[in-house]
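The next part holds the structures, each set out as C-alpha cells.
Presented sequentially are two complexes of chain A, the first with chain B as partner and the second with chain C.
This part shows the complex of A and B:
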C-alpha cells in the first residue's frame, strides 16, 4: 500500500515536471521575453542587464530550475496584456470558476445518481426509457450549443434568467461569492446546468449499469427472500456497492469540469479563470497561459492522486489483491 | 485480375456488395440514413462553388440592403429571395453554410488523418520494439491523457499562434487548427494499435517473416499493420465527429477559424450575437447543420464498431 502510494506520488511529480517544462518552453520560445518587457527605446546595455537579471545567459537546466522555484511560489511574472501580476489576476478570478464547478459537480452527482437509480429500478417503465433516450441526445450535443439553447429558451424567450455575468457578488475576505444574493444565484443556474449536463448523463448511465448488475446478485435475492423492504434493498444494499466506480469516474470528471468550464464561461461571459485563459490565447498572453496550465495541472494531478487513494480506501478487495500479488 | 478472367471471378463491386460488412450495412436502417445524411452534406460542401446561389466571400456581389432577410421571404427593399435568409451583411446563410462546411470537414478530416498517422506509427513502434521506445511513448501518452483533448488543442493553438507572425495568423489559422486537433487526438490510436501489436507480434506469421530476414519496419508496415486496421477505422470514424465538434468549439470560442474564413463554429459565433434581436436563422441553420453532421458520423461510427466486432455477430 505504502509502496503503491509512493509510486503514484512519484508519477504525479513527474507529470508536473513535464508540464512545467512545457510552460517554461512557452516562456523561452514563444516570443522574446526581453522584447516583451522592454519598450521601443532601449539600449544594448538595457538588454544585456535584463538578460543578466532574468538569468537568460544561464544554461537551460539552471533556467528551468529557477522557473520551477518561482512557479512553486506562485510567481509567474506580469501579464503582457494587463501589466499586473498573473497570480493576483488568477486569484481574483478563481472563486467564480470554483463556485461554478462546485455547483455543476454537485448537480451532476446528485442528479446523475438519482436518475441512475430511477432508470435502473423502473427499467421497463416509459419515463425511464424517455430519460435514457434524452441522455443519448444530451451526450451528442456540444457544450456550447447546450448553453446557447438554454440562453435562447430561458433568457430570450421566457426572460426568466440572465444570459451573462455573475450577477451581484459579495466580498468575503479575498473571496467573492455569488451565493448570497438573489441575482448571483439566478445567474448561476444556466451556466451550472450547461456545465453539469454532460457529466450528469455520464454518471446516470454508469449508476444504471452498475445497479442493474448488482441487483442481479445473490445477496440481493437473499435480501428479498428475507422480506426486507424494497427501499432498504435498493438503497442500503444495492446502492452502496455501485458507488466505487461512481466515485472514480466522478473524481476524474472533476478535472474535465474545470476544463469544460472554459467553454461554459465563454458562452455566459462568466468572469472565471476559463474566460481569462481564452482571452489570454486570443491575445497571446504567455504568462497567463503558462500560469493557468500549471494551476490546472496541479489540480488534475492532485485529483487523480486523491481518487486513486480513495479507491484504495473504499474497496477492500483491492488492498488484498495488491499485497497478494506482490506489487 | 478481373480483366483476365472476367467470367470466373466476380467483379470487385459484386464482391464488395456480397461482403459481410455491406450485408450488415444494408440491414441497419440507422446506418443507412446516417450515411445518406453524411454523403449529402459532404457533397454539398465539395460542390459549394457550383450549387451555392451566392459567393459569400466576394464583396462585389453583396448588397447591404439584403441584410437580415428572413428565410423564405422576399427582402422588403430589394425583393430578393433567400432560402435560409441572410446575415447582417446580406450574405446568404445557405451559401455561408456550404462554404463553412468545407472548412469544418477539411479541418476534421485532416486532423483525424494526422492523429491517425501519428498514433499508428507510434503505436506500432511502441508495441513492436518495446523497451525504452515503448516506455517513452506510452508515458507521453499517459501525461497527455490526464488532460482533456480540447484543452490540449487550445494550448497548442495558443502556442502556435504565438510563434506565427501576426500578419500570417489568419492565413495560418486553419493549419494551426488541424495541427492542434490532430496532436490532441493521437493517443487513442496509439494505445489501441500498441495493444493489438503486442498480440500480433507473437503470431506465427510474424515469426516466419522474421526468420526469412525481413526488416523490422517491413514487418511492422506490411505484416502487422493490415491486421490491426479494423479498430483504427472505428476510432477514426468516432474521432471525426469529435474533431468536427472540437473545431466548432474552438472557432466558437474565437480561437479557431477567423471570420474571413468562417467554419460552422465561426458562423454559430456570429449568429449568437443576433439571437437576442430575433434574427434566429443566422444562428439556427449553422447549428442544425453541425448537429446533423456530428450526430450522423457518430451513429455511423457506432454501427461500424458493432459490425467489425466479430463477437457481436
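This part shows the complex of A and C:
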C-alpha cells in the first residue's frame, strides 16, 4: 500500500509540474510584462534593468525553476491591478469560496446519497419517479440559469433571501466566516443550492444506478435467503458496495465544485476566488490568474489523492499486497 | 424419521405472465423431503428445478409467482406467507446454498460479520455467543484454524473454502431444510466431491432435510437418497435413487442415464437424446417429451400430459419402461 501511495504522490507532483508550466507560460505569451509595467515613457536602459531585475534575461528553464521555487513558497508576485502580493489577495478571498464549496458539497453528498438510495429501493413508487423526473432539471439546466431563477423567486418575488454578497462576516484570525451571523447564513443558501444542485442530481443518479446493480447481486439474494432484515440488506450489504464508484465521482465533483464556483460566484457576486479570477481575466492580471490556476490544480490533485486512499478504507480486496497475487 | 415430512410440496404451479401468454416454469409438482434425507432434483437448464427451490424459500423474481398448490414446512403452509413472516422463516427454518461461492458472499464484510449477523438475527444470543457459534459453524464445515480465519474477508479464501463458508452461513441458524441450488457446479471436480461429502455428513448428523438441485447425475448418484427428475416444468420421475438410476421407468430418465459418462461403462460411445427441450411458451400437446421419445405412441401425442398420479406413481409416462412395456413395443 505504501508503494502505491508513493507512486500516486509522484504522479500528482508530475501533474502539478505540467500545470505549473502552463501557468508560467502565460507570463511569456500573454503580452510582455515589461511593457505592462513600464508604460509609455521608458528608455531601453529601463527595459534592460527591469528585465535583469525580474530575471527575464535568464534561459527559459531557469525562469521556470525560479517560478516553481517561488510558487512552492506561496509567492506569486504582485498583482498587476492591485499592486499587492497575489498570495495575500487569494487568502482573503479563499474562505468565501471554501465555505460555499463546503456547504454545497455537503448538500450534494447527503442529498444525493439519500435520494439515490430512496429512488433505488422504491424504484416503482410514485415519489421515486417524480424525483427521477425532477432530477433531469438539475442535470440539464445550466448553473447560471438555476441561480437566476432562484434569485427571481426567493429574492425578487418573495424577498426572503439576499440576491448577492456574503452578508455579515466574522473575522477569526486570518479567516472570515459567514457561518456565525444570520445574514451570512441566509446569503449562503441560494448560492449553495445553485452550485450543489447539479452535483446532487449527478450523485443521486449514480447512487441509484449502482444500488440497483448491487441489489441484483448473488450476495444480496443470499442475504435475503438468510432472513436478514431489509434495513440491514439495503444499508449494510448494498450501500457499502455502491460506495467505491460513488466516492470516485464525488471526489472529482468536489474538485469541480470549487472550480465551477466561478459561475455561481459571478451570478451572486460572491466575493470568492472565482469572482477574483473573472475580474483578473478582464484586466489581464496574469499573476492572479496563474496563482488561481495553481491553487485549483493543487486542490484537484489533493482531493484525488484522498479519494484513492479512501478506496483502501472501503474495499478490503485492495488492501492485499499486490505481490500476493490474485486467484 | 418422523411422520410429517420437513418439506411437502403439493401440486405446485409457478407462472410467469408474459406478453405472449402465461408460462409455467413449474407445473403441478409434488414431492416430500423428510428429516435427514437428501432429495436430488435433476433436469436440463430451464426444466424448472431452480425455480422450484426459489418458490419454496419465497425468492421468486418478479413477475414469477405461485398461482396454485401448496408448500408445507413441517406441516405449516408457507406458500402464502409474505414479507416479515417469510423473512423470519428464512435462515431460521430453511437455508439456501447458491451456485457460485465467488459471488454469494459480500466482498466487503468479513466472514465473521456475515455469520454473526445471521446468528444474531435468528437466535437470541449475545454478541459474544454469536461469535463463538460462528467459529463453531466454520469448524463444522471444515475450515481449518477457524478461530483465526473468522475475521478474514471472502476474497482471502479459495473457491472450495468459500463454498464451505456459504454452507456454514446457510446452516448457522440451524434450519430444518436446506435448499442447495447447484452447490458444486462452479467448483473444481476434486472440490466437488468434498462439498458433496460435507453436505451428506451435515444432513446425517443434524437431521436436516436437503433439496439438492443439480444437473449433474454423478452428484445425485453420490449424495441423494431419492431423486426427482424434472422435464419442462413437470416431474418426469420420482423415486429412490438406486431404482431410478439403475432401472429408469421414464424414457427421459433412461436417456439422461445413457448420456451420462460412467467409469464402469468403458469406452462405448455416449448416446444423446435427440432434439432439445421445448421452450416453455411452445410446449407440444400431450406429453411434453413425446417429440424426443423413442417410444412415443398415439396416446402420448393426444392425451394431456401424464402426471405421477395419473400413471404408476413413479414415472409420469403412459408407457413406463419395464417388462410389460418392452413386450408392447416389441410386438
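Definition applied: the second predicted complex is superposed on the first by the 302 of 327 C-alpha atoms of A that agree within 3 Å, B and C clash if a C-alpha of one lies under 4 Å from a C-alpha of the other, contacts with A are read in each partner's own complex, and residues count from 1 in each chain.
Assume contacts are C-beta pairs under 8 Å (C-beta built on N, C-alpha and C of every residue); 3 or more make two chains touch, one makes a residue touch a chain.
Please read these numbers as outputs of a predicted model, since none were measured by experiment.
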Looking at the overlay, what does A:144 touch: chain B (first), chain C (second), both, or neither?
first
Taking the superposition on A as described, I'd like to know which of chain B and chain C A:232 touches: first, second, both or neither.
second
Taking the superposition on A as described, I'd like to know which of chain B and chain C A:209 touches: first, second, both or neither.
neither
Which holds for A:217: it touches chain B only (first), chain C only (second), both, or neither?
second
Across the two complexes, find the residues of chain A that touch chain B and also touch chain C.
none
Interface residues, chain C side, partner chain A - complex
57, 59, 87-92, 95-96, 98, 100, 103-110, 117-118, 121-122, 153, 155-156, 158-159, 166, 169-170, 173
In the complex of these two chains, what residues of chain A are touching chain B?
15, 18-19, 22, 26, 29-31, 140-145, 148, 151-152, 156, 163, 255-256, 259-260, 262-263, 266, 277-278, 280-282, 284, 286, 289, 293, 296-297, 300-301, 304
For the complex, which residues does chain B have touching chain A?
143, 146-148, 150-151, 154-155, 157-159, 161-163, 245, 248-249, 252-255, 268, 272, 275-276, 280, 283, 287, 290-291, 294-295, 298
Interfacial residue positions of chain A with respect to chain C in the complex
217-219, 221-230, 232, 236-237, 240-241, 314-317, 320, 327
